[in-house]
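The chains carry the letters A, B, C and D, assigned in the order they are written, with residues numbered from 1 in each.
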Amino acid sequence: MEILKVQGVNKAFGGLRALNDVNLSVEEGTVHAIIGPNGAGKSTLLNCFVGRLIPDTGSVMFGNTSLIGLKAHEINQAGVSRVFQTPEIFGDLTLLENIMIPTMARRDGEFALKAWGRVDQDSEVRDRSMHMLEDVGLASKKDMIAGSLSRGDKRRLELAMCLVQDPKLLLLDEPTAGMSRADTNNTIDLLKRIGERGITKIVIEHDMHVVFSLANKISVLAQGTVIAEGSPQDIKGDPRVQEAYLGGAHL
Amino acid sequence: MTLTRKPLSRRSILRSGAAGGLVLATPTIFTSRAWSAGYLNEPMGDTVTLGFNVPQTGAYADEGADELRAYQLAVKHLNGEGDGGMLNTFSSKALGGNGVNGKKVAFVTGDTQTKSDAARASAKRMIEKDGAVMITGGSSSGVAIAVQSLCQEAGVIFMAGLTHSNDTTGKDRRANGFRHFFNTEMSGAALAPVLKNAYGEGRKVYHLTADYTWGWSQEGSIQKYTEPFGWETVAAVRTPVGAGDYSQYITPILNSGADTLVLNHYGKDMVNSLSQAVQFGLRDKEVNGKPFVIVVPLFSRLMAQGAGDAIKGIFGSTNWHWSLQDAGSQAFVKSFGQEYGFPPSQAAHTCYVQALLYADAAQRAGTFMPSAVGAALEGFEFDGLGNGPTLYRAADHQCFKDVLVVKGKENPSSQFDLLEVVEITPRAQVEYPADMLGGELGSYNNGV
Amino acid sequence: MSTTPTSSRDLLMFAVFAVAVLTMPFWLAPIGAGYPDLLQKFAIYGLFATGFNLLFGLTGYLSFGHAAFLGVGSYTAVWSFKLLGMNPVPAVILAVVTSGVFAMAIGFVSLRRSGIYFSILTLAFAQMSYNLAYSVLTPITNGETGLRVLRTDPRLFDAASQGDAPLVSTLFGVEMNGYPGFYFCAVLLIIGFFIAQRIFRSPFGTMLRAVKSNQNRMNYTGLNPRPYTLAAFVISGMYAGLAGALLCITDPLAGAERMQWTASGEVVLMTILGGMGTLLGPILGAGLIKYFENIFSAFNDQTLHSIFGFLPDFLETPVVAITGLFVGEGWHLTLGVLFMLIVIFLPGGIMEGFSRIGRVFRRSSGAKGSHQTAPAE
Amino acid sequence: MDVLLLQLLNGLDKGGAYALIALGLTLIFGTLGVVNFAHGALFMLGAFCAVSFNKLITLQKITIDPTKTTAWGSPLEVRTPYAEAMFGDFGIWIVNYSVPVSILLAIPVMLLVGFVMERGLIKHFYNRPHADQILVTFGLAIVLQEIIKAIFGANPLPQTAPDAVRGAADIGAMLGLQAGAIVYPWWRMVYLLFAAGIIAGVFAFLQFTTFGMVVRAGMADRETVGLLGINIERRFTIVFAIAAVVAGLAGVMYTPILPPDYHIGMDFLVLSFVVVVVGGMGSLPGAVAAGFLLGILQSFASMNEVKEILPGIDQIIIYLVAVVILLVRPRGLMGRRGVMEN
């Protein structure tokens, strides 16, 4: 079943056509990678899914809901979470608080005036958040201020913040950008483990090693257009893809 | 909610209040003198404390500093130090330079910041902490009225400093409050004849008025006393207090057909609006075949320094000026000048006089109890304090005395010699019925 | 490392705070601050700053117009006295509600912007309120003179007791000035502190700190920051309204200058001085500034001479001359120097100073020590 | 018609003053990212440069005339200005031109003040929260104010424009309109020209010098410029000093319009912040545009015809316009995204 269906999306910035009639369909439970050279429109496309940008024309359907015109928090509440290229976390708060916030957001909705009870006595939220921290291996650092974490740990924290919400669709914007090989491998393992939970993922990635170890399906974007789509094997052999990358990528 | 509350006596209220706060507040209760006596803060030792509440920060800080100098001088004279100043010329001889009622005069000071809240907080400190029996000072009417009603509620005497609004002894008058300074009504009454003589009948007048109670009442009194001889108001424009640049209010005057500008501004506002009006060439204009003139109803010599040459030839009124030649004024100028090296301002004068008048009344009453001191001040006729024969009217606690009409001096001989007295308007001419301004004194509160 | 204090530690802190506030007349007497008016001011401005801190300390939104709510609370309270009677309870309730509604309106508009744009919007609203209250709205505010209760006012519920009774707020026959007035304010400060403490530890409080930390992430976490910030704005506006009402309950006069930008600036300074985002800091900051304003401004040459009277003459005169610059009419100078010293040497305000002292103490007392607790309070 | 022209001229003049005050503030905001609450104090210091210079050249030789006494009985002091006694006509000329000439004093003084302030204090606050910047600069402003108060007192001290430009010009007559209809003070026109000159100078400096280019780049993206290996710190010091000079000169030239007192800076502080923010954070043209816009609107709002319809409008117009502009344009007239938005 399709969880995300993108049809005829166009987006222009001034005279520059960033997206040109993009069609995309993401099957539930799969890992769908979007690759393409720099400036191909990958991030623009992702931004159209999460309410940061509104396409000029076209539709983005998430299940039966149109995502166009919804605000970022409404899209999240509908079940879409996003990991950013540079980790977006609550840098002044502890790790535990960083996880508890999305946990509460999932349970209580976009706004709840719970101003009386103690947050640390909400055992439901706390237990769930601790489990999540354990899952990503950060439990021992739960009281640290998130801003002081290493970049890899920040990434894991952000991932945990998304996962704890049990999203139906997880968007990953270059989840291993700037990571060492070891960290990258750890992240791949982590993402694979999440795969076992059956969360649908869309991954934007440069690192083909990552793409091919994770993706079930790959769409290749160049100059705002989807030029190829298929299984990793199909893509590997596709000459149009080779051309688009001008041999620049390590295919 | 208590719907039918028996009026409790002040003492029983204090006692019940004390019951609540007794356990925790014991130390202060033991040290406070409020609890033992027939009136609030009755001095038990050999000193009596007065509270001098003057602006020490903000636009009127210099005026406040001058007031404080005058008070300190007054305390010296009351305690028999220095040359005795106006005590020697004062018509009442009750005070002998040995303090008041046998007690040495001590004082505490505070900063009103020319803000009602700060002034009341400062006055409360003097009453609650320092045990002051009388509060005096201030450099604006808003503050004076606020502190006066506080003193009424608390039960001490308030001797107003520089406050010129009618309301202080008009609709906001209080039994515990007394004012020596004159008001807008008297300014209007005193200025009008002089203006008529100098500038003639039938002028078209443009008012720029500070947008608060004092400004409105000043504007009203000038209109009231000049309309009879055909001075017609072309426009009365309200300007925000502390506007700084008045150019946008001055430009419309140029083509309004007015030939007279009345600046109902005081202090810094007056300095700014006057000097800017002069820069706009208003005084060089000729309108309706008459030279354009500017009038400043209330002059302060101290603040007028800030306007520089702009005040030359401008008419206004003032409560007192150091160049007066009567014995009282000369004695005061001499002792103030020797102490500080420059002549006193009208603010200093009124504050010094108020301190003396209070001390004298207390001496004559034989007590500091507000009702007794008040009774001694009410209807008190005196002379020798620089303004000629003066009456503290019983009905509204306002002093009635001659009013000075002054003019900016063309050739000042020193930085202090800015105003020349054009006319001393006799007291009879500025008197008005006590019920004209409304308000009710109520009864004295002795604080117990 | 940082840990949120446990609920038992919070309870302890609350208890210590309550006792400290109630015993203020005792322990503040030796430094000359143990008289009712200043004690009342400590409690009232403590509340004002506590409420301000709920917005500024937690969400980081710097309102430069909070004095408007203080003013609205004051005017409402006096009108309640004038129309209903001198009982402080309806005055408090009405003031809190009115200022809440006012804050809702201003907050709804201002919170469409963030950062300095938000600050200037709030400043603009407050300045408009101030300017209008001073002039055009005089029928409602009594302009410069300030709104007071008059004997001629209707006072529906206690008109029967009119007559010569003094016009002060009265609860169950106890006049709300002097020490009873202080205890009334103190109780409300303690309640206000308790509520603030609950908010700090609540999910709502966590969300507010999330607003400050990263609004972008908040959006992508399915949370709508606007209602959170608006709620914080309204709550802190209500605290300000309550403080305004208390100013009038202890002293029934409401003046427009309470709404001026300098008054808004003062609460900002109190909060930063004490330590923004901490529970106790703003209250300490408020106390310090009010102490300087009332005590330091009262020193004059005479008091200085009596203080330094023990010195030999040749020392006394210069010492008095130098200290004289910093007290009396120079008390602003002391305040300015204090602001600079604190912010230069104690970036987190007074509370930072305390936590440093605490750390030194803990280290020297030989605690194993690596497990430091950051100054959550 | 005359009235409208006059108000427009007046609005331009006020706008020039606002823009000039806002210019330095926005330079500091935009390049250094510092909320400088002491900016008003810099304006005030500039004004007191003029006062000090005037005091200095009108220093008087005091001789005691034993034959006469003052009203309080002390011997009379006779004062003659040194400048006059020593330099004759030149002395008189320089006293006459003391305000414009004191610019020569104000420039080095304000440069020094700006340099010391930035090196000694502001530098350490670049990376601190805005709250800390507010507290420290506010504290500094109070200290500077109190020092000036201790020296010069609290009363305003009048400064006069040179005789040649002291009165008012009949512009109406010059333009061939009715005489006396459009009259405007010479000095205010001088101020407007001066403001325009300084604004143009600052713009030219930023536009046409390499130094200015780096500063502009720094305003656009501070991190990148830092990464380029340019010593941005030293340039910041210079920018701060320039801003201080601009504020100071605005103060010097304003003294004949508004007699300065120690509090004059605080009175302008709020206004200058509003101008800067309405113009848009980090935008110099925005600040200038906002200054003129607010000046002109304020001038027109103060007309009696307007006030009759909307009582009190002149008192709130600036804030009202600020609210409307910020609601319509989220970052003011020309602000950039991300500057001081969180």
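The definition used in the following text is that a residue touches a chain if its C-beta (ideal position, glycine included) is under 8 Å from a C-beta of that chain, and two chains touch if they have at least 3 such contacts.
Going by UniProt, the chains are A = ABC transporter ATP-binding protein; B = Substrate-binding protein; C, D = Branched-chain amino acid ABC transporter permease.
All values reported here derive from a predicted model rather than from experimental measurement.
**Q** Show which chains lie in contact with chain A and also with chain D.
**A** C
**Q** Which two chains have the most contacts between them?
**A** Counting C-beta pairs in contact per chain pair, the top pair is B-C.
**Q** Report the chain whose CA-based centre is farthest from the CA-based centre of chain B (Substrate-binding protein).
**A** A
**Q** By CA centroids, point me to the most central chain in this structure.
**A** C
**Q** If you average the CA atoms of chain B (Substrate-binding protein) and of chain C, how far apart do the two points sit, in angstrom?
**A** About 33 Å separates the centre of chain B (Substrate-binding protein) from that of chain C.
**Q** Centroid of chain A to centroid of chain B (Substrate-binding protein), CA atoms only: how many Å?
**A** 73
**Q** Could you grab the centroid distance between chain A and chain C? Build each centroid from C-alpha atoms only and quote it in angstrom.
**A** Result: the chain centres lie 45 Å from each other.
**Q** Just curious, how far off is chain D from chain B (Substrate-binding protein) if you go by their C-alpha centres, in Å?
**A** 35
**Q** Multi-chain contacts only, two chains or more: what residues does chain B (Substrate-binding protein) have there?
**A** Residues 61, 65, 211, 238, 240 of chain B (Substrate-binding protein) each touch two or more of the other chains.
**Q** Which residue numbers or ranges of chain C touch two or more of the other chains?
**A** In chain C, 131, 135, 332 touch at least two other chains.
**Q** Using the touch definition from the top, which residues of chain D touch two or more other chains?
**A** 315 - these are the residues of chain D that touch more than one other chain.
**Q** All pairs of touching chains, please: list them by chain label.
**A** Once each pair is checked, the touching ones are A-C, B-C, B-D, C-D.
**Q** List the residues on chain C that touch chain B (Substrate-binding protein) in their complex, please.
**A** Touch residues, chain C against chain B (Substrate-binding protein): 22-23, 25-26, 29, 32, 34-38, 41, 85, 87, 89-90, 131, 134-135, 138, 143-146, 148, 151, 157-158, 160-161, 163-168, 170, 172-175, 177-180, 182-183, 247, 251, 253, 255, 257-258, 293-294, 297-298, 300, 302-303, 328-329, 331-332.
**Q** Report the residues of chain C in contact with chain A in the complex, numbered from low to high.
**A** 1-4, 6-7, 198-199, 201-207, 209-210, 212-214, 216-224, 227-228, 231, 235, 374
**Q** Where on chain C is chain D touching in the complex?
**A** 56, 60, 62, 109, 112-117, 120-121, 123-125, 127-128, 131-132, 135-136, 215, 261, 265, 268-269, 272-273, 276, 325, 330, 332-333, 335-340, 342-344, 347
**Q** Please output the residues of chain A touching chain C within their complex, sorted ascending.
**A** 50, 71-74, 76-77, 81-82, 84, 88-94, 97, 100-102, 104-106, 108-122, 125, 143-145, 161, 165
**Q** Across the complex, what residues on chain D touch chain B (Substrate-binding protein)?
**A** Interface residues on chain D, with respect to chain B (Substrate-binding protein): 2-3, 6-7, 10-11, 13-14, 17, 70-74, 149, 153-161, 166-168, 180-185, 187-188, 256-259, 261, 263-264, 267-268, 298-299, 301-304, 307, 314-315.
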